[in-house]
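Worksheet: one structure, shown below.
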Amino acid sequence: MQAQINSQVSSQIVVENLNHMYRPARGQPVLAVDNVSLEVRPREFLALLGPSGCGKSTLLYLMGGFLPVEKGRILIGGKPVTGPGPDRGVVFQHFALFPWKTVRANVLYGLERAGLPKNERLKRAQAYIDMVGLQGFEDSYPSQLSGGMRQRTAIARTLAIDPDILLMDEPFGALDAQTRSLMQSELLAIWRRSPKTVIFVTHDVQEACYLAERVAVMSARPGRIKAIVETKFDRSDPHLFKQPAFIDKVDEIWALVRNEAMLAQRLEAH
Amino acid sequence: MARWTASLFRYSPLLILAALWEAVAQLGLVARSALPPLSDVIKAWFALAVTSDFWFNAVDSLYRTFAGLALAVVVGAAIGIAMASSKPVRAVLNPIVEVFYPLPKSALIPVTALWLGFGDMSKILLIFLGCMLPVTLGAYNGARGSEQTLMWSARSLGASRWRMLMDVVFPSAVPEILNGVRTALATSFVLLVSSEMIAARSGLGFMIGFLGDGGNFDAMFAVVFTVAFMGFIADRLYQYAMQRTLQWR
Amino acid sequence: MAMSETLSYLRRGRGVRRHSWRYTVMAWLPLIVLLIAWELTTRSGLVTPFMLPPLSAVFGRIMEDAASGDLLTTIGTTLWRALMGFGISAVAGIALGILISQYKAVRWFFDPIISVGFPMPKIAFLPIMILWLGLFDVSKITMIAFNAIFPVVTATIAGIEGVEKQIIWSAQNLGAGRKRLMWDVLLPAALPQILTGLQVALPIALIVGILTEMAMGGYGVGATMQTASRMADSPGVFAGIIEIAIVGYVLVQAMAFIRRRLLMWHPEALDATAA
């Protein structure tokens, strides 16, 4: 009992015995998240890894407050989640930018809602646009940008409101391989400069190993946490991907995921 | 049973409106000539339904709609496919279609009356002209969307130009043609009713005007609602048939 | 649905015209030939001038009307009624669409009314409208709005409901409340579809406007044509057709222009400038 209270104090995000039923418009409800418990420390980079359809995105949306918590609970800084809020910034796989707003207007939007004075807003927006390397594209519309640039805009928009927690839902999943690896190292650089708690959903084992300090491996539907693996490496090492320790870790996690991926495929076929 | 109550719940606002109508009219909140009670309108409908006059007019109206519509569908689809598959045809018809398309088709009522008088033919021509373009555009867009690879493979299998039109281009244009026909169906009822009200000596639209002029408002309301529901039912039947036709997709 | 396909077809046509004036003349040549054929046919005596008056006579009539000022009042009257009715249907239709998309009770009440009312030939209610509101502008404009509102409402609902859930979540996450979400996110995101609804509604407004004028009189192109038809004045009838065709063409093009202006951010607009 004592240990649990202690852990709540030191953990920024606490998920306890969380269940979630997914209710499609037609057909039977499906158990998407099954009795998940998880603790995330402040400024930790945690990856949620699992096969497609395992409920890892659902778990993230529940933390974001977009879906109602029905069974179990989620505490952020000791308080239960009741809805979305600017303390948790979210980056979606398909960017979810406002296509009718320019890059600058997209980044400004959260700052306007926060009620910052105009000068401050513009200065801050520009700083984040510069940070993600989009100077010169401030007045472009999202439809004029490449996928990578759109995701940079989305990241700048989210970072600009300076959330304590960053929830990322397969943010690089829609990008091509080169852009993806570029964005990965940039995300790490940003994280190093201003450390935030990051929850990063992915189905890419190597990406999870490379970015995160801990990887939570989820099982196929219904989603449970199958294992939590420490993955602390020296990320500044340019040859990290060739280090035996790293390769072993990827293999270890891959072995955990493989079964689930096959199971997920069979579930999809049905 | 559950389905039955669900659709009752769904359509209950219409029943509420009907009840409201009856109540307002019965309580004398509005003049009887402005809104006869619904029950009287229903009585008037049954009184009309035993007269042969009503049915002759209804048959006239339906004949005009479907004759005009059938012509519009056949000619419209042929023109649309021709435009899509032949460059010269497209070059000739494109500007004509583009100018004719935004013309409010109701403006053709006096012209068709001028040409063909107050009988069936003027209505059929009006509906044909008014309903052709949506079908043409549907056929044109659908035929243009037919897959190039499909055409190539048909060509390589030795299909003639005509066979290819019938076997590849036309079937792939069917869904969009059917969409165009739905627009045309709605337009045809509007043109039918209005032309019968304005320039005709028979048909349900004519009956509406005739009954109204004679001050027989119960019966006028009955015919107005008959025509309105005919349009609604035609659309529902068409949608049902379209879903059946497109099941292969 | 069908209309948006139409519009894409018309857009393609415009892309062609951007080339050069010589190309423009070539593209319009069939129409010019058709008009010349009209004139020649009538002069050859193949048809009576009653069935088809010479184009020159029709143009002469339009010029006469223009000189006397009748043309301006006739077209002005029709336009005023059609655009008033259209404007009312636009404002009320978008407002109703918003309410239906946001409140279950409103949806419950209006859903069957719209799904039954949309495919009905509402023009049949014209005599009832006359009974209630008389023969003048109020009943005409009401009739126009009543006919034009349906596509606006359904397009607004479909547009708002089609907004990607994650865009809504993003806005909520960035601190948008319910009201801000509507103005800042749902309406702008639904704008392409709302505009399509308006583009369907505008021709309906014109069609119904002319019909009400034909049925009830009271100036306007419809009434003028109807009078001409009764008096067997065929140049008058054809003059009306040409006038209203031009009005319709200009209005449809103007709507397409407004659409391009409002949707500068949309891939559809960016493609058009690239082509």
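Order of writing sets the labels: A, B and C. Residues in every chain begin at 1.
Please note the rule applied: a residue touches a chain if its C-beta (ideal position, glycine included) is under 8 Å from a C-beta of that chain, and two chains touch if they have at least 3 such contacts.
None of the values given here were measured: they were computed from a predicted structure.
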Mutual neighbours - chains that touch chain A and chain C alike: none
Chain separated most widely from chain A, comparing mean CA positions: B
Chain centre separation (chain A, chain C; CA means) in Å: 47
Where chain A and chain B are represented by their mean Cα positions, the distance between them in whole Å: 53
Averaged-CA centre spacing for the pair chain C and chain B, given as whole angstrom: 19
Set of chain B residues in contact with two or more other chains: none
Residues of chain C whose C-beta touches two or more other chains: none
Per-residue multi-chain contacts in chain A, two or more chains: none
Complex contact set, residues of chain B against chain C: 10-14, 17, 33-34, 91-96, 98-111, 113-115, 134, 137-138, 140-141, 176, 179-180, 182-183, 186, 189-190, 192-194, 197-199, 205, 208-209, 212, 217, 220-221, 224, 227-229, 231-232, 234-236
Chain A - residues contacting chain C, complex: 61, 64, 66, 83-86, 88-90, 92, 94, 96-102, 109-110, 113-114, 141-144, 154, 157-158, 161
For the chain C and chain B complex, residues of the former touching the latter: 1-3, 5-6, 8-10, 13, 27-31, 34, 50-51, 108-113, 116, 119-128, 130-132, 203, 206-211, 214-215, 221-222, 225-226, 228-229, 232, 234, 237-238, 240-241, 244-245, 248-249, 251-252
Partner chain A, residues of chain C touching it in the complex: 164, 166-167, 169-176, 180, 184-185, 188-189, 191, 264-267, 270
